[in-house]
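Shared between the two complexes below is chain A, which has chain B as its partner in the first and chain C in the second.
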Partner chain A sequence: MGKINENTRSEVKEIVYKFFSEECEVDVSTISENTNIITDLEGDSLMFLELIEIFKKKYSLNIELKTIAKYIIRHPVETIGQLVDTQMLMIEHENNLVNL
Partner chain B sequence: MEEVAGCGIDIEELSRFRTRLPSPEGIPGFAELVYTQEEITSNLGSNSDLKFPLCFSCKEAFFKALGVSWMNSNISWKEIELLFSDNNNIFDYKIRLSGYARELFEKMKCHNFESHLEFNDEFVVFQIVLLS
Partner chain C sequence: MNNRILITGLNMITSLGLDLESSWANIVAGKNGVKPISLIDTEGLQTRIAGQVPDSFEAYSAGFVKKRMADQTTRVTKMCYVCAREAVRKSLIEFDNFDRQRCAVVLGVVNTANNSAEKGTTSKNRILKGMNNAMSAWISLEYKLLGPNFTVTSACASSAYAIGIGYDMIRSGAFDIVITGGADSLINREDIEGFNELYALSVNNDPGKASAPFSADRDGFVIGEGAGIMILESEKSALRRNAKVYAELAGYSLTSEGYNIMAPMKDGEGICHTIMSALKNSAVKPEEVDYINAHGTSTMLNDLYETMAIKKVFGERAYRIPVSSTKSMIGHTVGAAGVIEGIVTVMSIADGVIPPTINLKKNDQELDLDYVPNVARRMDVNCAISNSFAFGGHNATLVFKKYM
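The block that comes next holds the complex of A and B.
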């Protein structure tokens, strides 16, 4: 825990936007917090898993996929904004995410 | 008489897996999230560039047949395994369920399933039909 600083949110946002821009072959300027990952970007499991892996590596996170899945059941991620929020919580709480 | 309890079909583009394939040199983090050690061991070798995408596609198809996803159920990717028996025969494989995947399969009163795979140079397709 405690890996968050004042720059973390903008870092996370940049990674997420760049990732979907490249994966979905769209201009990053067309992506916003309200962009729906499935309906607007045709996001799929492969993208979600790859993104999780990127963040696990970058922030050396101790978090299991099952923990993330259990959290997402209660807090669905549909938009880019919600995804950024969830990634922030993953970084801050790691496996304790399931207790939120 | 058998009834269809669920059906799932998945298609994957092979090019998306190029940088995500396990190899004798190492296992990408993505692969560790999705494949069991037994899958990695049995699928390494000849045709691994087909086997791993087929493995992923099989898991997705099974999730769909069960009517859930990894994001809205307790089922882990590793509880649905596709293991190829023969290095040279893509069509010789078995699918194994465990944990919550097995639990949901039985809760749906399924006793068997049928599977079918197809592939070409660009895509793999997997279909699962659950029978009760």
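The block that comes next holds the complex of A and C.
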């Protein structure tokens, strides 16, 4: 808790967009909230795990992978926008994510 | 049921070229693809030469393999994937026009070569790089195929086994297309030391002499590496899309020797049984065979026993059938050998030319067949066989015919 400020969402968004742009070799301008990670970017599930590690380090998050997995089962992430939203919730709620 | 199995796509990556056309042209020309190893530091190794795929593969593969995949795959997996991409492209297969549940991938793979030769190896992606089903999985993913994709492992006969299994899958009527083949590399310190310990590798480091199948001065095989893809398609499907047909896969035989983990059964009895079974399964008479692409490893026992087996199967006619070893030019590509040599056999039918056995300079009194020494031969080939034999007693013979 308390790790969110007015700049956090834009920071998260920038990291996510840059990550997918580099890993999928696409121009960042072609990525939007509605971009599908699998069908549009040919991404894979490992990318989500790699991003989790990036955000855990950057925001010193206390969150277990099983917590995230439980949340994702109930709230699947398919688009870049959903991914940014999920990362924001992780930062905001950490292990309490499971109770959402 | 008349369900003939046709070969409608081919490609190979070898030490003599990064595609079918260049590899085949150099094989017909009798070029030697064995050179000093540059992939790894060979300091202290007994064997320092191999049939290594050209260094230009790395730049070539970048045109096919995206960053994400590149990070998750080994060099050998990339070879197989690139090889398959080009085979599919040249076959003009449009999978959108197929029922993808009737399209499969079956590869012969010993391992993905996730070893010390792999540049920049870290623990990251270790599992994805090392899983033995990686090659078939990546090909299946590329084309979103929904039939099975899996890997067969039987050492040096692996990709020949894959081709045989692919044949049965189409023959059963359940599949229209099976992408078969495989890729392999033993160019790493662990494997070279391991095979040296078994006295299996040549310790002659002269590339012009080391891989010398059927020659009196042979002293073991030379390591090779590469990939091969053979697309098998039902006749009905191939005719429907007016596909180019290279040849027909008439049948095959897979056998076990039940004899020894490393040595072939004495006097070539197991090899003889395999060839005879393959001909019988293919409804081909021995007198119909025009060419034999031998396993021909350049080891003492294999070349002797394979020769003895050919004499037993073909009798007096054995002396008039051209027999050649592709390994003399590209070394032993192990898991990929069955498919690469199968492709060479198919091309001998398609182009009417029999590739030579190079480095055949000293006659061995016991080896007295026509090994097509050093120079290719123009000849109409209607039927040819390709042999693969492996540690563990895994034998395979594939039978190919001109499609008429």
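By definition in this document, the second predicted complex is superposed on the first by the 100 of 100 C-alpha atoms of A that agree within 3 Å, B and C clash if a C-alpha of one lies under 4 Å from a C-alpha of the other, contacts with A are read in each partner's own complex, and residues count from 1 in each chain.
By our rule, a contact is a pair of C-beta atoms (placed from the backbone, for glycine too) under 8 Å apart; a residue touches a chain by one contact, two chains touch by 3 or more.
Quick caveat, the model's predicted, so the values are computed rather than measured.
Once chain A from each complex is brought into register, does chain C clash with chain B or fit beside it?
In the superposition, chain B runs into chain C.
Touch test for A:I72: chain B only (first), chain C only (second), both, or neither?
First partner only.
Thinking of the overlay built on chain A, is A:E53 touched by chain B (first), by chain C (second), by both, or by neither?
first
Of the two partners chain B and chain C, indicate the one touching more residues belonging to chain A.
Of chain B and chain C, more residues of chain A lie in contact with B.
Once the structures are superposed on A, label A:S45 by its partner contacts, choosing first (chain B), second (chain C), both or neither.
In the superposed model, A:S45 contacts chain B only, not chain C.
If you stack the two complexes on chain A, which partner ends up touching A:E25: first (chain B), second (chain C), both, or neither?
second
Pick out the stretch of chain B that clashes with chain C after the overlay, from 9-17, 63-71, 81-89 or 99-107.
The answer is stretch 9-17.
Just which bits of chain A does chain B share with chain C as contact spots?
Residues 46, which sit in both footprints.
Can you name the residues of chain C that touch chain A in the complex?
66-68, 72, 128
Can you tell me which positions in chain B touch chain A when the two form their complex?
Against chain A, the touching part of chain B is residues 12, 16, 20, 28-30, 33-34, 56, 60, 69-74, 76-77.
In the complex of these two chains, what residues of chain A are touching chain B?
45-46, 48-50, 52-53, 56-57, 65-66, 69-70, 72-73, 76-77
Quick one: which bits of chain A touch chain C in the complex? Just the residue numbers, please.
Counting only chain A, the residues touching chain C are 22-25, 42-44, 46-47.
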